[in-house]
Amino acid sequence: MPATNTSAPTLAVSAEQRSAIESLMVDYVHAIDEGEYERWPMFFTEDGHYQVTGRENHARGWEAGMLLCDNRDMMIDRIYSLRKVNVWEPHTYRHIIGPTRVLECSLDGACIVVKAQTNFMCVRTMHDGEQMLFSTGRYLDDIVFEAGDGGDLPMFRSRLVITDSNRIDSVLVIPL
Amino acid sequence: MPATNTSAPTLAVSAEQRSAIESLMVDYVHAIDEGEYERWPMFFTEDGHYQVTGRENHARGWEAGMLLCDNRDMMIDRIYSLRKVNVWEPHTYRHIIGPTRVLECSLDGACIVVKAQTNFMCVRTMHDGEQMLFSTGRYLDDIVFEAGDGGDLPMFRSRLVITDSNRIDSVLVIPL
Amino acid sequence: MPATNTSAPTLAVSAEQRSAIESLMVDYVHAIDEGEYERWPMFFTEDGHYQVTGRENHARGWEAGMLLCDNRDMMIDRIYSLRKVNVWEPHTYRHIIGPTRVLECSLDGACIVVKAQTNFMCVRTMHDGEQMLFSTGRYLDDIVFEAGDGGDLPMFRSRLVITDSNRIDSVLVIPL
């Protein structure tokens, strides 16, 4: 009996789409890790959804998460506050992501929607050089391909960050 | 003098095979990390071999490892015990794997065997949210392609988990 | 507004080149992690440049880093010393790297130069089994394709290791 693939994509994902999704994943973490926070909202569609939640809350279907942005404007506001207020002790993130697993690919109107999952590990470095394993978990994403200048660009319509621990720092200033 | 590739594959691995191997690698860790332990034995052939051993033991050729399953039935038993006994403090894993390096590809009868190596890092999260870097090391795999419904599916004929530290928790309940 | 790609390659990178770059990245970390230090200089061109520097120093344009090798012979010397002197407490590394992002691809004479960025995380294991998160950061690379026996092989003309923390062990004996 072969390993049953419980998550066969309903539509085939092309090699070009897969490669574009991989670029999206790596661009996203590099933007955050390099402190280019203003780029962060641009990885989402205008009505994009971003949420951080704990593994157990997610398993119980509790949608009340630690952090929620319901559209791109909220994300832009969030980054604006982050730059403006600046009361937090300076720190940076470093994400390592594993390979992305496509769970499903379907049509929503004329729009291709790819559901995908990616493991991550995030290390936080404080200004004084102290480092800690900050968070681990997985991204559960709805990715859509929207027409752009250079062809179809993938963006997050929804990015759910499911952290393994609920003990995450409540002052989650930088997006995960 | 160019970087000498000491591990050139003897047979070429096709892009389809490489992509199938990458899917196997990521499906495996996602199944474990999401607690779908019953899926774990299904990534192996019926006579599949799974072993966890320390780096130094492996280097010395000591095959006595920390954990050994000699076939898929033993793996199924193991997961059954894990679910049944349940005396261990609940915890979950999160694996981050690096890219897979194909070391060799050869024919064994009519069967294609790919020897491959993949680095991993595994973080453990306890029920109370406490996290620790649990293990790092590499997977050394023999992967075979067996005929399935949807074409040839790769499975582990042998997965050797070589941990960098010998100080691993002896109560290794969840497979790495 | 789509996610602006601020780093579009000027030349297209072929699928073969991308795959060769991925192999270079993974071979490099496997060589180090498996203690095959003599292979390390061979990933560089003869005039290859290797430098480790802290994130803040790099951001300020301070090129004085923690470790510098200006050509392959210096790297060979370095490995020779590492093997010879051997006063350091034995330890090994384990690198996990994320996907590589191509920032730029251009022609330098007849030579294709790919500028690329890759996140890494490195765990150190001491001889007694103790492990610690040793370093995180990114590789910023200039990769060139040089003619070899089996076609064009990618090598580092420059590898800049930018660590997130400045608090790295000054006795950096093994290359990162």
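By written order: A, B and C. Residues from 1 in each chain.
FYI, contacts are C-beta pairs under 8 Å (C-beta built on N, C-alpha and C of every residue); 3 or more make two chains touch, one makes a residue touch a chain.
Here the structure is a predicted model, which is why all the values come from computation and not from measurement.
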| item | value |
| --- | --- |
| Same or different residue numbers at the subunit A/subunit C copy interface, by half rule | different |
| Magnitude of the superposing rotation for subunit A and subunit B (Cα, nearest 5°) | 120 |
| Distance from the mean Cα position of subunit C to that of subunit A, given in whole angstrom | 27 |
| Per-residue multi-chain contacts in subunit B, two or more chains | 96-97, 121, 133 |
| Complex contacts: residues of subunit A adjacent to subunit B | 1-6, 8, 55, 96-101, 117, 119-121, 133, 136-138, 164-167 |
| Subunit A contact footprint on subunit B (complex, rising order) | 22-27, 29-30, 33, 39, 42-43, 92, 94-97, 121, 123, 125, 128-131, 133, 146, 148-150, 153, 155 |
